[in-house]
Each structure stands twice: as structure tokens, then as C-alpha cells.
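Have a look at these structures, which come just after this line.
Both complexes below contain chain A, partnered by chain B and then by chain C.
Now for the complex of A and B:
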């Protein structure tokens, strides 16, 4: 229960208050979901990737895209044959395989998935968990709900961390095995014990988490304090102006395009 | 009236039964009394029910596990069996056996401050208390660190910092001492005494640091012995030896006629290894490491000094930034003069993780033990025979038992048996003594030695290091110090204390 998404670093986004940053995240996700113009969503994805590069380093630019690569590949393979409107580029007998509408939808979906993933990645990589809880509370969410959200979100990197440790153990046990080079199908088959083990770990951690929270007094009836606070809204007025300007500019661009 | 008076009377408990798994009674009429301000130590071999008892006192069991319970557990005027644990944290605080399971946040400061926030304590007071606790434990440098970057021992200190900050009337430490280095153990016991609080320590091993405690008990067969004091009476001492709590090292004389690597030939060596975590300030810097044929080397060092990181590099799980590792693998036609890659190291060194749960993942004991053999292409007849032999040798439950239902020490033995069957040339045991009794651990090393060409033991237990190995290496601040020549436990402790001072000067 200790892996986290936050990556220590420097840059403008680290100093940005989590509240306007969270509002910007929600806006970006909405834009990715609602907007259909490829230039707008492609441009927005590019901006986010530039921010990832500046804040987290060039090596991390492709991490969000890589993390959903199987989904993107499936999207690229399955979307065109089911969207056969427009000019036909490729067909097999009566079956239309590739059309201009199919290609556009595929690109849109890929940009959409990549954009949303990259936006979340950028947000959680530059925002400490405790700050995120404070932001959610400042935006009106009660503490138990805010803690639940952050713990749930932390389970994703935590499961990745568990997966990595179990994979290491797996690697040590199978090293030198005569079955090691049996191709893709065998490697996929081998994933099952690791994934099942990760699942068992996740399930076993539920009562442990409940005990841990109880042992730390979570759920007491007295009001809870916090030794970390966000500054007043007045002190982040410049950040709010910047955020509002970004939202206004992107909305205008979306309407004009 | 002084607070922190613990009184357990006629406690009986059993976990719920499941289909195919009939739960046994863990305690039957258990009685225990600890007076306010006393330090009590409850010894018990692994699987004796220490953690269960600790969690019952902290009001967490049977609330979160279910089970049948009867009797009375009173802390001052509160019956813990009828108390909400969250409302009880000012009365009783606990450090879990596995500190990772107790962690709910990702940063050290917020983790230690969590309970104080729950109590509604003011901001500045929280900061003062947490900083003071970190200072007392000598881990101020961890205040702003991510929990994920701390070592196993540092996580225990983090959980302790949370407990010290809250200052409950009764402190329960479940196997907290074991993973700490020796100077930290001594400092902790001094700190506990100075706190003036009631302390109840659960441990499967006796450490010298305990000698200052007021009362000692032995948990065996679901019952607690009468209170004893130090120095132990002959009869109590004998019981502790029988239970493996106190080692009888007379049975395990080290071979004084150590043959040096120059005569044996090298099995594994590393040169100029450098490693650092991304974004972290810690750097591992090992100029030279050598392991000779049939040699057992122990590595001792303070928590967080880089022992596990070195182990991960030696077995090819972590790639050094610079430096080379050499292995004499006759089967692969590789001599000790040729550097090897991580793939070869994966099959050359078996590495037993600190936490066995990351290394056992199949539904039954048989599946776990047979899996590697199947992968290696053995016939089902050979597999069955070898698995049965390993079950007997490592005192494992029957072949169809699910590992998830086994105790921590049984899972550790299963983890060792898995690698034992794989017959790797080198075994690395990373704090494998945690959760095992002295005889169990020595027994394990003897068995593994029969099946390997070299053994590396990472431990905080200086007695074990001194009797179980041919050479002891010290680690401090990411550096490896070859051959501490006089490796009696006393000298090792001196070295560790010096290294602690060196580390502090360097910080």
C-alpha cells in the first residue's frame, strides 16, 4: 500500500496549486471526450506531452501511451471494420475493411484515450497524494470520500509495484528453464500465475488496510485536523487567472475549429 | 491512578473455519497481567499466536477477521473486546509485524502524522511531536521521504514514530525488534524505558537488548507461562532454548579451519558496482565483492544501508549503473574471469526476498514445489518424489494445503524449499531469519548448503552471522567493507555502532 504516482521534480506544475490543476484536468478530460476535431484534441495531447517532457523529463513522454498500448492496438484493429461509412480504401469481397470514416474515428479514439491517460499521468506525477486529498476536500468532498478516492487511485501503482516484484520472483524461478523460449503464446500463458498472485495480494490487503486505518484512528467522531493546508483562494488568484485563460482559449479554439 | 494496566483473563479464541480448513483453538484460558509502566516481553516460537494476541489486545481481532472469542481483555477500565479500535488509539497503539500492511499514506511525515490528525490535534503540535519522534529514532532524514523508498527496518521505525507521537498508555510491538539493527534495538529499548508507558513486546527471539525488561512470558500451546524476570531461571531458560527463542550455539560450532577463497577458487565476484535510485540521494558503491566455492558470507549493516539492493544486483534483478559481475558457471562454460549478464545471474543466484508472499503464488504447496521442476522438464515421477522429500525436509504441511492459509514461518520455509529444488549455485537469504526460530534458520542454512555452492546471508542477527558464516562483511552508507576480521557478536556490534556514528556524521 505504499507505491505512489507522484514523481519528485521541479517545474511550473509542481508549484501550481492542486485545486486549479484539478479543475484543468477535469476540463481537459471533458474536452477530450466531447471534442471531435482531430486538430484540437491532437493539439491538446501535444501540449500535455510537452508539459510531461518539461516537468518529468523527455524519457517519460511515452509512458502514458505505452501503459495503454494494448488498448490502442485493439482500437486500431477493431474500429475500422465496424465503421464502414465514407470512401472505401480496402475491402475483401463484400467485407469493407478500411474507409476514411473508419480511419478518422480510429485516430480520434486513439488521441482521446492517449490524451486522457496523459492528462491523468501528468496530474498525478506532479501532485502529492496529501495535496490531492486537500484539493478534493477544498472542492467540497468529505474527508472519508477524499481518502477513499486517493487510496483507490494509489492501488493502481501499488498493483503495478506488486506485479513488478512478483514478476521478478517469477523471473528468478524460471531462469534457465528449458521452456523459456516457447514463444508468445507460452509467455502469455505464464502471465496467469503472476496476475492471479497480484489479485490475491490485492484481496488480502483489504482487511489489512481496514486494520491499519482503525489503528490510526480513522473514523473517530471528533473533527479531524490536518497539519498540511492549502493556501487561501486569494493567494492563488494568478494561478486561477491562468487556468481560466487556458480554459477560455481552448474553448474558443474548439468552437472556431 | 497510573494508566496502562493490562489484564487478560481466561481468553480463548479460534479463527473461523472454512470448507476444507477446520480452524483450531489458538488460545484456551490464556491469562496475562502487565502493570502500568512495565516492559513485558512475550516470547513464542513462530505460529504460536503472538500476532493474534497482539491484535486482540489492540481491539482489531475478531473485528476484522471474525472468529470465536471468550474471556476478558481489560486495559484499565476498558474491555477491548467491546471497544471500537479507532476510539481506542489514545489507550493502545500497535506496530504490526509487517509494517507495509500498516502504511496508509505515501509520505513518511503524513504517515506518522495520520493518527494525530485523527485525534484532532493542532497543526503545530503535530509537527512538533512527529519531528521529535523522528529525532528520537534517529531517522530525521526520512521526514520528507516517500515511504516506498525506505527499507524494511526503516518502515518499522516509521510505524514506531507514529506510535511515539500518539503516546498511548499501552504500546504493543509485534516482532518490531527483529528487523532493526543492533544499535537501533538498544536505543529503542532505552527509549521505551524513558517513555514511562506500559510496553508489551512480542518476539520469537531473545535479544540482549531485552535484558532490561521487567517481565518475561512464554506463549506456548495457547497458554502463557508465569511471569519471569532476568536473569532467567534455569528451567525457564531451558524452555526458551527448546522453543528456539534462545539459540544453543554449542550445537552449531563454526568451522574454524576456514579455507580462503585463494585456495577454493572464486564462485562469484563483483567489481566497482555503482547503483542509485532514480531521483533518490542514496548511492550504492561496492568496489569489490567475492564469494568463494562452498563459502558462506554474511552481510550485516544498519537499516537502509543498501544490503537488499546489493543482493538484487547480484542476482540480476537490478542493473548496476557501472561495474561488472563475474560468475564461475561451469555448466554454461563460463569462467570467473568473464563478466556475466543479468539473464545468467537470474539462474545463477536464488534470491529469497524478505517478504515470502512475493515469491509464492500458486494454489497449493504441491503446485509451488513442482512448478520449477516441471519447467525444468523432469518427469512426473521424479517431481512427485522430490516434492514429497522437500515437504518432509522443510516440515511443510501436506501437499494440498493452500500457502495463503499457512503461517508466516511456514511460508518462509516453503519459499526456501522452492529454491532448494531448483538447485541454484548461489543462495541469497535476505533477512530470512525474520519469522523463523534460531534452530529453524540454522537448519535451513544447513539444508541449502547441501544443494548449493555458496551462500550469502543478509541479517541483523549478529549471533547468527557469527556462527553461520565463514566471513562477515559490513555495509554502511551504501559501501561494503570486506572482511570484518574479528566477527564475534560483540565486535560486530562495535563495528555497527561505529558505522552508525559515521553515517550520522555523513548526513
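Now for the complex of A and C:
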């Protein structure tokens, strides 16, 4: 199991530095959350979907929306009856079901959630995890915090294989007795010994990892070497100008509409 | 000498947070118990969060409790929830551990600490969800979140006791 969401490709966003890309992501999310004009957030969603089709291929445009379809349906069904201001379109007895305010809010929430989902999907599909962490580091994340995230990502496949191995070993030990009992209680009862074994294995590896960090010189004041570095801010000036222009254009559009 | 001790403490803390983050991610993403009537499932991320809170203390619970489920969200394709998940589960672990410390050696410390964590997590998911998809759609998640938290408190408590009994040096890793 590899904790990676990056999809290899050759679209325009792949060459874009992760730092302005991350700033643009934050800005897009803020705009989706703050802006109430349907044309602005609809337009922004459309731009992101166009970028997904150009960068990742047309087949992937619907993937982010498909994953959130149940919650979009829930939003569409449950939001209008709880927002009954404005002109009434439909009512059952005393209960107002559908009004123009309700419809507007529903559309806004659907566009907002689809937009945020698509923006995150585009970012994590076109940015390698290591580049993302380097970008966070460049934007002010302290070194110990970045190191913690990196080590966690390194240990996820390890923990997954530990869980699989221990789980298989426990299954083999109880192979004769599990056939006729597959209820919820039995599943939980069978799971606990596996979880205890995994946790003891994990906890025991903490002192070894701490010792490894010490041996590698963690905490010393001399400068650290690094396999990969992001280029200086000066080299991505064009990308920064493009990003700033996009932010300025969208803010102006949002203010004018 | 002091500087050396401080460095050793920091590397031990980083190691504990990193390993428990990986454990929490695997418990959230991989370990799932299906519930027959609804065809849904309970993930055990909350079990790992409460285990960390009861065993390692507030700071490890805050970071690994938030980071593990957030990474699981990103890997599972629900990265839009990752910031809310980070805040909700991180503060869930922090509040459970702080209440646990405040009530140390009292009879019902774990259940009360679990309840505090549950209120924080369910409240933050409701607030975050209401902001993203509206209050009505976010409120639908409340019963499932409460069930998951109840399983988490019980599982975290049992696992914490079992691991402390089987491997007593784990108590030295709390801070």
C-alpha cells in the first residue's frame, strides 16, 4: 500500500511549482466558502473542471463529483425544506417545501462542495506528496513537523504490512472455528487480539526510530543536507505573476458581480 | 548534557507521533467492520485516536489523531474533508487526553474523557459539514459519528489497558 494520490501525466499543471499551486488551492477554497454569487462560483468550478480534463484527461472529470454524489443528493433533498424564505413554489398543507431562497442556497451548497472537492482532487492528482511537503516547508512549516509527516508516510506501508501479517497469522490459528460464526460480535472479538499485537509491535518500534533519528544527527545546529530542494522564489517569478493575476482577476470579478 | 537530553526527548516525541500517525491512518483506512443491516461500516480510526489519548497524552493525540485520519481522507479521495478531519480528530484526541489527566485516578475517567472527545469531534464535524454542505445534510452524519465514537472510546480503553499490561515501558513514552 502506497500513500500517494499523484497521477502521472504531462498537463500544464505538472510543471507548475507546488508553492503557488498550494496558494491558489487555498484561495479557491476560500472563494468557494465566502462567495455567494452563483455565477462566480459556477464559473470557478467550470475552470477547475476544464483544468482536470486538460491535465488528467476527460475521463477523470466526473471522478471527484461521483465520489460525493450521495452527499450532493442529500443536500438537494434536505436543504430546501429547512430554508423557507422568499417566494413559495411548493407546499404540503402548512409545510413549505420549496422556495426560491431554498433553491438558491441548495445550488450554492452543491456548487461550493463540488468546487472544493474538484480543487483538492486536481491539486493532489498533479502534485507529488514529497513536493507538497516541500511546499509546506517553504511556506513556513517547521522542520520537525515536516519530518514527522515524512516519517509517518514512510511508515504507513510498513504498518499496513504488519497488520496484514498479524491478521493472517491470527486467521491461521483459528482457521477451524470461524466458518459458522461471522456475526458482528464475533468479528469484533476476533479483531481485538490482532489490534493488540499490531499496537505492541508499533509501540516497540518507537525507541528504535528515536535512536535512528539521534544517530542521523537530528536536532544538531549544523545545516542539514537534502536529496531534493525546490528552486528559489526568483526562478518561479512567472508562475507567481500568473497566480497573483488569477487571484486578482477572480477577486475583482467577485467584487463586481 | 541538558541539550543532549532535550534532543533525545524531541526525537522520541517525533518518533512516537510519526508511528502513531501511521497506526491511526491504517486503523482508519484499512481496518473496517461491516455493519450488516445498513451495508455500511465502522472504521477504527477513533479507536486509535482514543488509544493514543489514553496512552501517550495530549500532544501526541492532537497531532497523530488529526494527521492520521486526514492522510486517510486524502488517500481515499476525500481530500476536501482533510482540513476538517484534522481539526475534528486532533481536538477529539486532545480534549480526551486533557480530561483524562484532569480526572486521573478517578473511577470514570476514561468514559468521561471519551464523552468529551465525542462532543468535540461530533460538534466540529457538524460545524464543518454545515459550512460545506448545509446543516441538514451534515446533521445526517451525527448518529454514525456517535456510534463510531462509542466504539472508539470502548476500543481505545480496552486496547490501552491491554497494551500497558503487555508492554509496561509504553507508559514512559507519554508526555
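Keep in mind that, in the parts below, the second predicted complex is superposed on the first by the 173 of 257 C-alpha atoms of A that agree within 3 Å, B and C clash if a C-alpha of one lies under 4 Å from a C-alpha of the other, contacts with A are read in each partner's own complex, and residues count from 1 in each chain.
The rule is short, and it goes like this: a residue touches a chain if its C-beta (ideal position, glycine included) is under 8 Å from a C-beta of that chain, and two chains touch if they have at least 3 such contacts.
Source: prediction; values computed, not measured.
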item	value
Which superposed partner A:196 touches (first chain B, second chain C, both, neither)	both
Touched partner set for A:8, first chain B, second chain C, both or neither	first
Touching partner for A:169 - first (chain B), second (chain C), both, neither	first
First, second, both or neither for A:128, with chain B first and chain C second	first
Which of chain B and chain C A:33 touches, first, second, both or neither	second
Chain B versus chain C as contact partner of A:257, first or second or both or neither	neither
Which of chain B and chain C A:222 touches, first, second, both or neither	first
Contacts of A:69 with chain B and chain C, given as first, second, both or neither	neither
Touched partner set for A:213, first chain B, second chain C, both or neither	both
Common interface positions of chain A, toward chain B and toward chain C	1, 3-4, 151, 196, 200, 204-205, 207, 209-211, 213-214, 218-220
Contacting residues of chain C [partner chain A, same complex]	6-8, 10-12, 14-23, 25-27, 30-31, 33-36, 44, 47, 51, 63-64, 67-68, 71, 74-75, 77-80, 82, 131-137, 140, 155, 158-159, 162-163, 166-167, 170, 173
Footprint of chain A on chain B - complex, ascending	55, 58-60, 63-65, 84-87, 89, 93-94, 96, 100-107, 110, 113-123, 126-127, 130, 146-148, 162, 279, 315, 317, 343, 346-347, 349-351, 353, 357-359, 361-362, 371-372, 375-377, 404, 418-419, 422
List of chain A residues in touch with chain B within their complex	1-4, 6-9, 128-130, 151, 154, 161-162, 165-166, 168-179, 193-194, 196-197, 200-201, 204-205, 207-229
Contact footprint of chain C on chain A as seen in their complex	1, 3-5, 33, 63-64, 67-68, 71-72, 74-75, 78-79, 81-82, 105-106, 109, 112-113, 116-117, 119-121, 123-124, 144, 147-149, 151-153, 155-156, 158-160, 163, 184, 187-188, 191-192, 195-196, 198-200, 202-207, 209-211, 213-214, 218-220
